[in-house]
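Next, two complexes with chain A in common: one pairs it with chain B, the other with chain C.
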Partner chain A sequence: MSDVRVAGAGLTAFGHSPERTSRDLFAEATIAAFEDADVPRADVDALLYGNFMGELSEHQGHHGPLMAEAAGVQAPATRYESACASSGTAVRDAVMRIRNGEDDVVLVGGAERMTNLGTAGATEALAIAADDLWEVRAGMTFPGAYALMAQAYFDEYGGEHEDLAHVAMKNHENALTNEKAQYQSAIEIEDVLEAPPVSEPLGLYDSCPISDGAAAAVLVSEDYAEEHGLDAPVSISGTGQGGDRMALHDREYLARSPAAREAGAEAYADAGVDAADVDVAEVHDCFTIAEVLALEALDLEPVGEGISAARDGRTTADGETPINLSGGLKAKGHPVGATGVSQIAELADLLAGDHPNSEFVSDATTGVAHNAGGTVASATVHVLEVDR
Partner chain B sequence: MSDVRVAGAGLTAFGHSPERTSRDLFAEATIAAFEDADVPRADVDALLYGNFMGELSEHQGHHGPLMAEAAGVQAPATRYESACASSGTAVRDAVMRIRNGEDDVVLVGGAERMTNLGTAGATEALAIAADDLWEVRAGMTFPGAYALMAQAYFDEYGGEHEDLAHVAMKNHENALTNEKAQYQSAIEIEDVLEAPPVSEPLGLYDSCPISDGAAAAVLVSEDYAEEHGLDAPVSISGTGQGGDRMALHDREYLARSPAAREAGAEAYADAGVDAADVDVAEVHDCFTIAEVLALEALDLEPVGEGISAARDGRTTADGETPINLSGGLKAKGHPVGATGVSQIAELADLLAGDHPNSEFVSDATTGVAHNAGGTVASATVHVLEVDR
Partner chain C sequence: MSDADDVQDAGFDEWLDAAEEDAAYCLECPEGHASLPPRRVCPDCGATDLEETALPDSGEIETFTVTHVPTPAFEEDAPYATAVAAFGPVRLTGQVVEFDLETVETGLEVELEIAVSETTGERVLGFGPV
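So, the complex of A and B:
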């Protein structure tokens, strides 16, 4: 079984660019990725591409061949759709293909164009990640769903909005040095607490923004990296995926994410590590409460204690296990189909010492990327390790 | 590397059932598949599911977990979208996963709800498989695109509408015994030639219908099949995928399908067979001309000669290489996301002797399934072989 290496990655700026098509965004991300990777496009064996709402925002399906064209590669291309975990599932299949010798070089990526729909339109489009018949038609939106999860968490384990505010503040702080981030501005606890409520207890600053953007990464086999003398010290050493019932009302607990727990356990076992080995993580903080649930599902915090992690400094940049040093979805932005691959890109740079925030994890060897779809009905987890 | 076996498969009737949701359809197909396979749902390691237009016809994305629920399986689920080749790409990844020991039992499937959109609405929805910016906005629909391909074929290699009419007549004839087929009625050459034109030279009877339906197959490793004493004589021994430029105007030839040729060559090499070994095939005849192009791309007919294959009886049920004994998309129907898996299901039954039309291929050992997306910008090909 071959080791899988991250040869290079590229991101567009995440943010508000309603006039740019997803093919335009993806072209930019892939230009950066190929330059970073120093791999010729002709060597690409497959493109695995994540996109969530292209049918609604661009009246476009069948993204695979279109995005291969945008990337300038002539290779079979497949589109993966798992809501906000779309490109996480693409990464997972890329890892399997390279390990098993099916492919030597896989371009993974994702893009999403969202802001052209406006905030209300994008919120409505995002809702197709929930159960249309039993949730969406009853009025459920994702801010509402995560607010229910936050309420359930507070009821079961305690905690309050101010704890969540520390998550938002931390992630904004981390994004200050990230030139691709949608928000490069610090916020205070009061900003979060006094922000307009979206769905209580969550307010505007508990929520990630609506974003346009793209991400791409060139993954290669260890053999390919060695043969071509690539500088690719970071490997993807573990992959896992979990699934849960789609609708919140079908679950036993609102304040736990068994799909992420399953994905994490599988990825840890696959990499031969455990949670105690994890030095740094990028987790799917679409809302502040989502980061708390992710920490617990990944065993980075005991159940019921994740709520205090940011407030008590365990997950801040200078904490024991920095979380979302990129700024996370909260501050970096969340162009849905791009998010899973962007986490891999940020984490690889963090571990390789190529990230503005690498100084906080200079001894780190093991990182984790956690990508979730819907109310975590889908989840992928990847373990990255660096040669030191 | 483990051999991949088709343990069982199930289909709904294909046709007009606008009141049924895709989850309802998929549940029915999976009930039949598990019964046929004699595999417990608890053994399923993953669901790989193809769907194309759920966002438009059901305001639903994130199909994976929803369909796992419909199938009654608790396993990570991923949705594949490659236009009309959506579930073909799911089969391909399932084959890779089983071969490589990642999974022992994979449920592959697909469903599509289309008729609730009406014919015009479904035609408009299907158009998202083409390039929205450069084809669809210029007025291109798929009947129009395939009509251009037919015209180009006639110009380059000769042939006329009557040749294509033989393809339609043959496939309707084949469907007479297929109780799941949308059309179980014979047609004559005159019916095709006198049918209302859709986009010349293609008329109503050159076109597959708009269909609702679902398909599911339980694929297992050879080891699993042996351990559990399954009756699973058919293996998927080859897989291939190809890609092409999305828009017709970006291609060198209108009347050839290099993506299908690439997929076919890869699948043949993977299985260790060549075109001369193929005894029977299910090909993607969304329009009559598409069957002709498929035969040539798969090297079942020399370039320029596929046009006469049905007329001259080489591809009829009693011909040398029967094509679309199920009735094909033309007569069986084409619920887009279900089609790729339905081809595997029909072919497995044909080879195993369990199909009403098996009598025509009683000595057959090797079959091919060809699934295409858009104007063949995506294609998957699978080789199936039976122990005799």
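So, the complex of A and C:
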């Protein structure tokens, strides 16, 4: 079995660019990724591409060949759709294809165009990640679903909105130096608590923004990296995926994410590490409560205690295990289909010493990326390790 | 919401019809796993002999939220409360109706009530006072 290396990665800036097509966004990300990787496009064996709402935002299906063309790659291409975990599932399949010897070089990526839909339109589009008959038709929105989980968490384990506000403040702080981030601005606890409510208890600053953007990474086999003398110190050493019932109300727990726990356990075992080895993580904080649930599912915090992690400084940049040093979905932005690969890109840079926040993890060897779809009916977890 | 107005969603619309007649049900397999229609296979164990079982008259709210930023289909309804409530062996997601929003809380006892969206006129699974 071949080890999988991150040869290079590239991101567009995440933010508000309603006029830009996803093919243009993705092209930009791939140009950056190929420059970073120093791998010729002709060597690419496959493109695995994540996208969620292209039918709604661009009236476009069949993205695979369109995006291969945009990237200048003549290789078979497949689109992956698992709501917000779309490109996380693409990364997982890329890893497995390289490991089993099917492919040596895989271009993996994703893009999403969202802001052209406006707030109401994007809210409607995001809602289709839930069960249309039994959730959406009752008026449940995507923020509403996470608000249901947040309220259930407060009822079961305690905690309050101010705890969640610390998650938002931390992630904004982390994004200050990230030039790709949608928000490079600090916020205070009061900003979060006094923001307009979206779905109580969650307000505007508990929610990730609506974003346009793209991400791409060139993954290669260890053999390919050696043969071509690539500078690729970061490997993807573990992969895991979990699933759960589609509707939140059909889950055993309303305030836990078993699919992410399953994905994490599988990825840790695959890499031969455990939670105590994790030095840094990028987790799927589409809402502040989602970061709390992710930390607990990944065993980085005991169940019921993740709520205080940011407030008590355990997950801040100078804390024991910094979480979302990129700014996370909250501040970096969440162009849905790009998010899973963007986490891999940020984490690889953090571990390799190429990130503005690398100084906070200069001794780190092991990082984790957690990508979640819907109310975590889909989850992927990847373990990244760096040669030191 | 993409369906033409005159086309029903088999299984789901019949369930709403039944709930309007106070005859809501879930589907139970021989092992006692309960689920919601349309359903041919038990999602827990794969059994295919599913039987309709009446739901209790009242349920209990397990979590809730008040939504201020809705999808376009609920534009005129906002702000409104959405809750997950347990009705015997299943939970349902519904809009809390006929309660003051401030009084909605976990543990509240509710009855199924099929309401109508103020925005679209479509039927909405709702939870009303007992």
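Observations on the model:
Basically, the second predicted complex is superposed on the first by the 388 of 388 C-alpha atoms of A that agree within 3 Å, B and C clash if a C-alpha of one lies under 4 Å from a C-alpha of the other, contacts with A are read in each partner's own complex, and residues count from 1 in each chain.
Here is the rule we go by: contacts are C-beta pairs under 8 Å (C-beta built on N, C-alpha and C of every residue); 3 or more make two chains touch, one makes a residue touch a chain.
Note that this is a predicted model, so its numbers are computed, not measured.
In the superposition on chain A, A:Leu133 contacts both chain B and chain C. In the superposed pair of complexes, A:Arg245 makes contact with chain B and with chain C alike.
Once the two complexes are overlaid on the shared chain, A:Leu254 sits against chain C while remaining clear of chain B. By the touch criterion defined above, A:Asp43 lies against neither chain B nor chain C after alignment on the C-alpha atoms of chain A.
Of the two partner chains placed by superposition, only chain C is touched by A:Thr123; chain B is not.
Looking at the shared chain after the overlay, A:Thr141 reaches chain C, while chain B stays out of its contact range.
Using the contact criterion defined above for the overlaid structures, shared-chain residue A:Ala77 touches chain B, although it does not reach chain C. Partner contacting the larger number of chain A residues, of chain B and chain C: B. In the superposed pair of complexes, A:Leu66 makes contact with chain B only, with no contact to chain C.
Looking at the shared chain after the overlay, A:Asp277 reaches neither chain B nor chain C. Chain A residues in contact with chain B (one complex) as well as with chain C (other complex) are 132-133, 136, 245, 250.
On the side of chain B, the complex with chain A involves touching residues 21, 46-47, 52-53, 55-56, 58-66, 68-69, 74-83, 89, 93, 96-97, 99-100, 102, 128-133, 136, 241-246, 250, 259, 262-263, 373-374, 377-378.
Considering their complex, residues 1, 9, 12, 35-36, 43, 62-75, 77, 80, 82-84, 90-95, 106, 117, 122, 124-126 of chain C touch chain A. Residues of chain A touching chain C in their complex: 119-121, 123-124, 127, 132-141, 143-144, 147-152, 155, 196-202, 245, 247-250, 254.
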